[in-house]
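Note sheet for the following structure.
A, B, C and D label the chains in the order they appear, each numbered from 1.
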Amino acid sequence: MTFSKIQKHIESKTQSKISIEEGKEAVFVSPNNWIEIAQILINDSDLEFNYLMCISSYDKGDNKMYGVAYNFYSTNRQHYLEVRIEIEDGTPIPSIANIWRSADWHEREAYDMIGIVFEGHPNLKRILLSDDWEGYPLRKIFKEPDYYHGIPVPKDKSYWD
Amino acid sequence: MTSIVDSIQKTFWSTYVEFPFLFTGIIVIGGIVIFIVMAVNALIAVYFERKVSAFMQDRLGPMEVGILGFKGGKNFWGGIGQTLADAIKLLVKEDILPKDADKILMILSPFIIFTAALLTFIGVPFSQNFVISDFNIGLFYIVAMSSIGVIGIILAGWSSNNKWSLYGSMRAAAQIISYEIPIGLSLLLVVLVTGSLHLGDIVQWQENHRWFILHSPFTFMAFFIYFISVVAETNRTPFDIPEAESELVAGWMTEYSGFRWALFFLSEYANILIVCIVASIVFLGGWLSPLHLFNIFPASWDLLDGPVMGFFWIFFKAIMLIFVMMWFRWTFPRLRVDQLMYLCWKVFIPFALANLFLVSLWELII
Amino acid sequence: MAKYFNNIVYGVKSFLTGMKLTLDHFNNKKKLVATLQYPHEKWPVPERNIGFKHSDYNLIRSRLHVDIDDCIACMQCERACPVDCIKIDSIKPPKDSEYDCGMTSNDTQKKMIVSRFTIDMSECMYCNLCVYPCPEECIYMVGGPNGTKHEIDYEFSQYKRDGMIFEFADTTDEMIHDAGGEKWLEQRDAKQSHNQEGIELNGVVKIITPADVPVKTETTKKPLQVAEKTDSGELSIQSFNDIADKMCRGISKKAFTSSKRAGKDAVAILAYVAQALSDAGKMTEEIQKILDGLIPAEKSTQEDNIKDTTSDITAKPIEEPISPDTKEMDIKDLNSIEDKMTRGTAKKAFTAAKRSGENKVEAVRKALIEASLIDDVITELLNSFTKDDATADISSSSEVSEMPIEAPTVGTQTDLPLFEIVDLNGIEDKMARGMAKKIYTAGKRSGKTRSEVIADIKSGLSESGKIDESVENVLNNLEAGS
Amino acid sequence: MEDQLLDKSVIETGEMILNMGPQHPSTHGVLRLKIHTDGEIVSKIEPIIGYLHRCFEKHCEQLPYEQIVPFTDRCDYLASMHMDHAFSITVEKLLDIELPERVEYIRVIVAELQRIASHLIAVGAFGLDVGAITPFTWTLRDRERILDLFETLCGARLLYNYIWPGGVSHDLPPLFVERTLKFLDYFDPQIDELNDLLTTNKIFIERSADVGVIPADIGINFGVSGPSLRGSGVNFDLRKNEPYSIYGKFDFDVPIGKGEMGTVGDCWDRYYVRVLEMRESAKIIRQACAQLPAGDVHVAMPKKIRPDIGEVYGRYESARGDVGFYIISNGKNIPLRVKMRSPAFCNLSILSEISEGWMISDVIAILGSLDIVLGEIDR
């Protein structure tokens, strides 16, 4: 199915509104009705997006809004869908780790890198960085600290610069 | 029925050497002979193994280190000094004891394993009448002594206070103890036929009749059961689960280094030599020349017999068997623990028992 | 049961297949062994490679090399490098000067001279991105298709990281001077001296110098207290060590170094530090206290310095070091010295003195006198720091009076005329040649004799470990006058 | 002392926690597995990753598009060409530019060669994990031939920065096609040798068959992809289902696990799918070499890559599976965000699910059959 058909289909299935932006083939949903729509995506016989390819978290640059993009694929019907949730800093997003198990580590990575909180996640802790890391490195405002737990971080290359 | 010990005693019988001196002299001489055999065996076998593995893997193996500037062959068989250099490296290496290890046991266990190998050699003849001490229960003694080493292995694994070592030693214990049984059974069948535990008598029997591997189809099978079981007992691939380097880092010798690890190594290759010599004595006619299998040769060929040629023949056979062991190692994957036990208890032991029964029938009928 | 026996039969069969295979490999080793014995046979070797000629390489990844004579300092390679391992400094001669930067091999007129072209091969990731944009094709990876330009070199391992830093620019200070690059030279010297002091290496703990040790141990004696205060008043980086919080300390130290580089005086520096701290939101009252403690300390030290020095200067030799530092002597003050050689010596002496915490002015003066480089201007300069110190004045003047006497005696020893700079081109190693030329020009300006210059060159080269037989021979020939 | 030994509170009777890695012979890098074992039986297993984290995505946010390619090389260092290719087609999707035919063919040839090389490592390393050392050296020997080809191609043996957004860095060297075909003729019998030595070996089958079975639906739910997913019978290959480059033009079939030796989706199937895929790749290379058109490779290469504002998600069938790049561009020549969907990351996440109840040796085998590359997982 094409993107517009998929969007119509979802809208016909649910009361909760989904929005799209011009020129973007992505469905924007709000965290409140995300679980409901996710259930539709995987269970509906015409959609059956059984393959969650990727969860990409991103920082929109203005130190306030952060976003998550879910890329779905259906191995049976072979069509794509990109669902995006954009939230203010701190607002939690319901976790879909128990619907698509592959979301487990991807959500942990999103939390690790951008600091998006997924509520209902089995164990939401850092995955790539060490547990005692401070800050979320992929935020645009993240600055490399001078000291990591008392260990100085050598930054300048004055030994040859 | 002479042996090194007997000959020494005879020589010093007339001269009035006091017994303690004689005693210590005998022990020292015997020990020196055994140790020389073990060390030379390890040196040669390691080089041999590295070369065999390299050629089977389309590599060249050690090619650089030589002895006094002589590197050996230019194209393939170079680097003859490599194992010597490695031995020296091992001896001068720092000898690490983990902080939480059980120091005494950890220091003790390599010597237990080494002693087991050393004691086993006492009963192993290298040729006719060329044996440290000649028992009339030599076979039994060898089987008994060669199973002491497992104590050292368990101690080594436990005292290292390392989980990998513990796993390795537990696996080793289970494996070695269970593979004692098929070994014992297949040797028992030889004893059954010859009616003697004395290795000299066994070879004598083969000289009078024929090699044991050709005695009957069952002994033929028994030889293979014995050989594969000793491969398992010496912890070599495909049965090297105690030191499976891809699962347990180095198994029960993970925490060992330097001299003690060298002792492990020495005794490992000594065990290989022992089991191969025993196999060649018991099944392959020991120091008899294989040319006697076929009676087409004139009597002049008999000069291929005798103690010196016997020495050559027995080592020829043993080295062939060692090569087969290496060949196994560089060909096969590794078994899992339960599969190993399956092989032992559900394949080898039933077949060995059947062999025993059938051979005794064979003896009754024929 | 049948399955049981089938398993055994299948197993034995598969074992035999495998063993046959390995045995074949064991027997046909002559045909199958694929090893390349590295130190003896190097890649690509004609008989053992996969059958292609050396020239068939499309390109090669190995050490980067620059034909510096062709470089027009267009900076494209520096911009193209993803890991910033290339550093280029260039100097554009002013319009009026008719300095000729030379032509490249493609007959392009060079607009500027490359005063520095450094490649840190320990950071290079051999992505080859810097090679494509070069308009003059002067940066390339050696060997392979470039084998004609430069023989292959993929074994340049070193014991120290500095060995992986390759300097390709061979411009001498003389040329830079002629091209009007004094400013660049001064910056470079300042940077070098900073690195010598080691305070720029962020996070590196500073070695406790002898100057600090007595301060740490015995703070009861008054002159030593004064010494301590002056030390902190001098506002070196370890003045901030009493700040407890690590982050704050780091921030303040960074602010300190940056503002110091900007050449502000102590009070301004402290203000800057406070500003930086409050920006980072790390400002607390105790840090504020510490900073406040630093400013008056400096003022008071100046006062009671003056008191001490005026009261009993000759009595206590122990505080003799303190007295001249009343007017803060900075390394930048030495930049007013024209002669490069003198400036270098002075700066070296200054930094050494600063490390060992002894009197800087005296040390500088002594060093200059030893090097017989001192003249009235410098004496003036030095005395401007120690107006209140009479003895030093006298001594220096006496030195000055002696100096012209011994200078000609030095001059009279010269038997051979000074050789030309082109004679040094016999040295193959670029870096060694550059260094030798530097030393040569310096010596020439300071009117040294042939033997002295050669000795300087030798010592300088052996210091930097660049000296070898060939260089030795070249220098010896020069000394012999051939 | 004695009574202390008898004291149950002193003697550990619970499960043993075994730290496998980060330094372990067969964790394929610096993976750390926290294994709860009951004797030899694994009761719970917890992968801990991140020991090789190199801030790839942070680098991408500060580098122009051309300069990101060397870093994508470093992600999956066993299949660098695939990473370059995946990133490049994603950027081309963003720019939407048309590539000359020859570029596509060259890309397909090198990508399939790279697939063979990567699968050789995977197969050999799996053999090494179950204790067979000789096949590993043989596969490495053959991989060296491919690396030699790549060295003639772009000078580098491991991290080629060859495929660029908008083309390839330069044209094929002379005789490259001939050498490739010569290598393929040499290579086919090697696969038979490998089958004789390892694939059909009884011990190897005992070790790998019926071990670590991944059911198809669970695999899809976990996002497993590539040979690991095809091993469990799912006929899904991007080159067939969503032909991205010119893969539509070639005739090849997608091998899937049939469970000859055990159940569908066990380690042996995953292993054997890789072996068969090498033959398929050889097939593709032969066709591509036959149809290789002439032409210039630098036509479509943009001088400076400066895409419009927007985002794109590009997929690619790498040797490990389904590589995805999610790029957000804000109109500058530096991307705003680059997220890499690494296949081995998802493949590893299923390890704890399928390897519980097996022995430690089997965990090693399962790990080897998943064919992870830590450089790609930790990025």
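Observations on the structure shown:
Everything below uses one rule, namely that a contact is a pair of C-beta atoms (placed from the backbone, for glycine too) under 8 Å apart; a residue touches a chain by one contact, two chains touch by 3 or more.
Just so you know, these numbers come straight off a predicted model, no measurement behind them.
C-beta contact counts were set side by side for C-D and B-C; C-D has more. With centres taken as mean C-alpha coordinates, the chain found closest to the middle of all protein C-alpha atoms is D. If you average the CA atoms of subunit A and of subunit C, the two centres end up 47 Å from each other.
As a whole-number value, the distance joining the C-alpha centres of subunit B and subunit D reads 44 Å. Averaged C-alpha coordinates put the centre of subunit B at 64 Å from the centre of subunit C.
In subunit D, the residues that reach two or more other chains under the touch definition are 134, 141, 197-198, 201, 203.
Residues of subunit B in contact with two or more other chains: 56-59, 330-332. Shared contact sites, meaning residues of subunit A that touch two or more other chains, are absent.
Per the touch definition, subunit D reaches subunit A in the complex via residues 49-50, 53, 55, 57-58, 61, 217-218, 220-223, 234, 236, 241-242, 310-311, 313, 315, 322, 324, 326, 328, 330, 336-337, 339, 341, 345-346, 349-350, 353, 378-379.
The residues of subunit C lying in touch with subunit B in their complex are 8, 15, 18-19, 21-23, 25-26, 29-30, 32-35, 37. Put simply, subunit A touches subunit D in their complex at residues 23-24, 50-54, 56-59, 61, 69, 71, 75, 78, 82, 100-102, 104-105, 113, 126-130, 137-138. Subunit D makes touch with subunit C in their complex at residues 63, 66-71, 73-74, 134, 141, 144-145, 148-149, 151-156, 159, 161, 169-175, 179, 193, 196-198, 200-203.
Taken together, the subunit C residues at the contact with subunit D in this complex read 7, 10-11, 14-15, 17-18, 21-22, 34, 49-52, 56-61, 80, 82, 125-129, 132, 141, 144.
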